[in-house]
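In what comes next, chain A is part of two complexes: it sits with chain B in the first one and with chain C in the second one.
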Partner chain A sequence: MPLIIGLIGLCLFPFFARAYLVEVAMMYFIYIILAQSYRLIVTVHDWQLYHIVLYGVGAYTSGMIAKNFGIPVFMAIPLGGAMASLVGVAITTPLLRTKGWGFYIATYGLAELIRLSWLKFRNPFGGSTGIINIPWPPEIAGIDFSAGIPYYFFSLGVMLAVLYVLYRIEHSHIGDSFKAISMDPDLAASTGINIPRHRLLACGIGGFFAGIAGGLLVHRLGAVDPKLFNLVTMLYLLIWVVVGGTNTFWGPIIGVTVMNTLFELSRPLIQIRPAFFGLSMVLVLIFMSGGIEGLISKVVARWQRRHDMPVAET
Partner chain B sequence: MTTQLLIQTIANAISASSMLALIAVGLTLAFGVMQMANLAHGHFFMVGAYTVYALYALGGWPFWWAVAAAVAVGAVIGLIVERSIFRPLQGDVVGGFIATAGLMFVFEVLMGEIWGWGLSRPIPSPYMIPFRIMGAAVAFQRVLLIPFAIVSIGGLMFFMRRFRLGRALRAVAQDPEAASLQGININRMTALALAISGAYAGLAGGLMSPIYAITPSLGGHLILPALIVVVVGGMGSIGGATLAAIIFGFVITFVTTLIDGVTAVMVSVSVMAFVLAIRPQGLMGRVVA
Partner chain C sequence: MSILEVKGLSRYFGGLAALDNIDLTIQEGEIRGIIGPNGAGKTTLFNVISGVYRPTAGQIFYMKGKRIDGLATSRIAGMGLARTFQRTALYLDFTVLKNVTVARHLHARETIFSLLVGTVKKIEAENIRKALEIVEFMGLGHLENELAVNLPHGYQRALGVAIALACEPKVLLLDEPLTGMNPTEKAHMIDLIRKVHQQGITILMVEHDMKSVMELCDYISVLDFGTLLVEGLPAEIQSNEAVINTYLGTEDIASG
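The block that comes next holds the complex of A and B.
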């Protein structure tokens, strides 16, 4: 029920809000796709640091094929996703045997190789200024998707579709195997789960949706540059996911909504803003593991117990 | 490449290796003892550099006193981070790793707010005369780093092998539970590891401060090469980190001189990926079952 009210609210929102707020809302949708696709990878316990580069791969691929080869925008975006998925698998495969921390650093290093090649090769990637004049989406059936409100609904639709697919994956057999791997890899392996294959699968699916998010971004901004995808952006992604909580599906959505709202509101404090976000992540990790979502479910459970209601399984 | 440039580049590479080794040894020690990766380690270096800036360039202290203060400040920061972040998150590898990522932001803003954003802080080198060797001139400040790195890393290895306290550190690194059964106080050992780690980063930062352009983002630039060195060396292995520091010091310096800095990073991550694809545990890492 709250879900339906929320959806109606999201549908009415662009007709009443200022144009700027509509743009901000689109960024929320893109970030939610990004955070949610990252969470899928986190469920296999691969806290990699290159997700933001896959987002960039999607953005660069989609932008470049639409600009240079005239591929329609709505086809370029999924192609960008496919490319990001391939790159993610290509980065992960040779380093699957490295353990824990070594895996995070090594894959991050390889992703940095990709990001630096955007910086280094002016042709075709445009160097530090990036690529401009990336085509807007076309007009379809009389609706001009390069305008704010149609693109708002387009990105909302994509987000809902992605969330639906990820939700289904999490509650499928594959999703159960992912969780088994993160809880106890040895036990999971002994029950016949092929761990490397599942890690690659998570990485491929997550990478695909990260690439979709990148495509959505680039055809709205009309430009792309390597700075958008550096370690700082990755840290913000981590902050959203960690502060929101990774135990359930809703955590990253809450995380993006809360943290990005604080981010927008704290624009006047732009210099010291990173310290606030960094500190909030440290404090959440130490005192509130489970994040905001974990806190909410704890409070709800306590309330239910006090009122003699059946306690929901968490 | 002329002989003069070649000699100069080799000298610079040895100096860069020494700096990388000083940073990476602390990082790998903290990892070995606590299983915790400290992403904010580059920021320890930066704080050391700012300490020398404050005391030597602004406060007029003698350079060596300022460097000694940087070592002390680094050790204290290491202790604070150990007590406030690593100890509460003991056993949660991912948590500790991400928490120090948040810490990077905190340090950066702190330094920016205290000492100003954007502007790099110039520190006059106490030794203006270049070091001349076979027709090439190398900044004396860079040469200075080499004996310091050799003595302090050699000293650390000696300490880890010959002293009771050092052996206790290694015992905790190998098996914390068995170590605590032997009466070793684990919390004290992890605090010691982080203090040493911070002190070494502070030392490197202090010594290099007249050469680097000190800005609040310095720590973020240094951490990637340091992490690469630790991972390639074999996490937790001091000898491995030193060996990898030498390799990458040469790779980075030569590629930077011949091509440019961006390519140097690209080449070094490629080397890293190549090594790890063949030896996932790193050059001198132990295979963990």
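The block that comes next holds the complex of A and C.
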């Protein structure tokens, strides 16, 4: 029920809000896809640091094939996703042998390798200025998708579809196997779960949707450059996911909503913003290990206990 | 007919021989006890058989001479050779039922495609039905929706066996199934092991509780410092000089 009200709200929103806020809302949708696809990988306990770069691979691929080869935008976006998925699997395959810190550092290293190649190779990636004049989405059935409100609904639809697919995966046997691997890898392997294959599967699916998010971004901005996908952006992604919480499906959505709203509201305090966000992540890690979502479920549980059994409290 | 055969198996950790030239032949349908003092290599033996470690030397044959040494753990489990752990290995945040359903991975033929087109429902229902059967069989039926973390120790150990049974094994390796249990829990677990055995599952069991080992096992192999000291029927082992000297010691055997 709250979901339906929320959906109606989201559908009415662009007709009442300022154009700027509609643009901001689109970024929320893109970030939610990004954070949610990252969480899928996190359920296997692979906190890799190249997710933002896969988002970039989707953006560059989709933008470049649409611009250079004239591929229709609505086809270029899933192709960008497929490319990001392939790159993710290709990066992860050799890293399956690394453990612990080695894994994180290697993921960061390979991510920088890809990002720097965008920066260094003017041809075809355009170097530090990136690529401009990326095609807008076309007009279909009289609706011009390059305009704000139609693109808002397009990205909302994509986000809902992605969330639906990820939700189904989360609540399937495959999703349970992912969690089993992160809880006890030895036990999981002893029951026949092929761990390397599941890690690759998670990063393939997660990479695909990160690429989709990149495609959505690039065809709205009409341009792309390497700065969008640097380590700072990766840290913001980590902050959304950690602050929101990763235990349930809703955590990253809450994380993006809360933190990105704070981000928007703190525009006047731009000098202290990075410090504020870094501090918020550290504090959440220390005092609220389940994230905001964990806090909410704790409060709800306490409230229920108080109302079910008024006597049996310590 | 032998179902599991270990030939000249060695495993070194650095210069230390955890297992040194072990030969074992397990007959189909038997309950084999593996005993020995701490550090004798019992758990290492299980880890090598189940594919956690590669053997340094030697071969392992399973079911009509298929070689399984060096295969990945998940492959070996897929061939019907399941194990439990010495530590209480469970998915603590899952319910009892989910602990078992997720362990039915090999039998849940699920792909991303079947998930999206929706044909997965039928497979899942079948999977849950089988898992429920196993949960009931292990005497956990009334607890199926309880989180594993909330179970008492005895039930947690039973759940560990249930997880292994979910792989529908032909051979089950039990690593100290009775560890840390009170007498009631022990008696219950021994009954369960017998019941599992009656399903036609061959059992290989490491255990320190001598009374229970003698009671349960058809045949016993004694390890000491990574070598096979002696093998025999429980009665032979109990009266064997070498075993008494290295392991059983004097009086504290009977008390277990």
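Following the convention adopted for this analysis, the second predicted complex is superposed on the first by the 308 of 314 C-alpha atoms of A that agree within 3 Å, B and C clash if a C-alpha of one lies under 4 Å from a C-alpha of the other, contacts with A are read in each partner's own complex, and residues count from 1 in each chain.
What we mean here is this: a contact is a pair of C-beta atoms (placed from the backbone, for glycine too) under 8 Å apart; a residue touches a chain by one contact, two chains touch by 3 or more.
Just so it is clear, the model here is predicted, and its values are computed rather than measured.
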Residues of chain A touched, compared between chain B and chain C (which is higher): B
Touch check for A:L187: first (chain B), second (chain C), both, or neither? second
Touching A:L285, do we find chain B (first), chain C (second), both, or neither? first
Just checking: does A:S172 make contact with chain B only, chain C only, both, or neither of them? Give me first, second, both or neither. second
Using the touch definition from the top, say if A:I205 reaches chain B (first), chain C (second), both or neither. second
Per the definitions at the top, what is the overlap between the chain A residues touching chain B and those touching chain C? none
Chain C partner contacts - residues on chain A that touch it in the complex: 165, 168-169, 172-174, 176-177, 179-180, 183-184, 186-187, 189-195, 201, 205
Under the stated contact criterion, what part of chain C meets chain A in this complex? 50, 52, 72-75, 77-78, 82-83, 85, 89-94, 98, 101-106, 108, 110, 112, 115-116, 120, 124, 127, 163-164, 166-167
Chain B - residues contacting chain A, complex: 31, 37, 84-85, 88-89, 92-95, 97-99, 101-106, 108-110, 112-113, 117, 220, 224, 227-228, 230-231, 235, 262-263, 265-266, 269-270, 272-273, 276-277, 280-282, 288
Residues on chain A engaged by chain B in the complex (per definition of touch): 45, 47, 94-95, 97-102, 104-106, 109-110, 112-113, 116-117, 119-120, 231, 235, 238-239, 242, 271-272, 274-275, 277-282, 285-286, 289
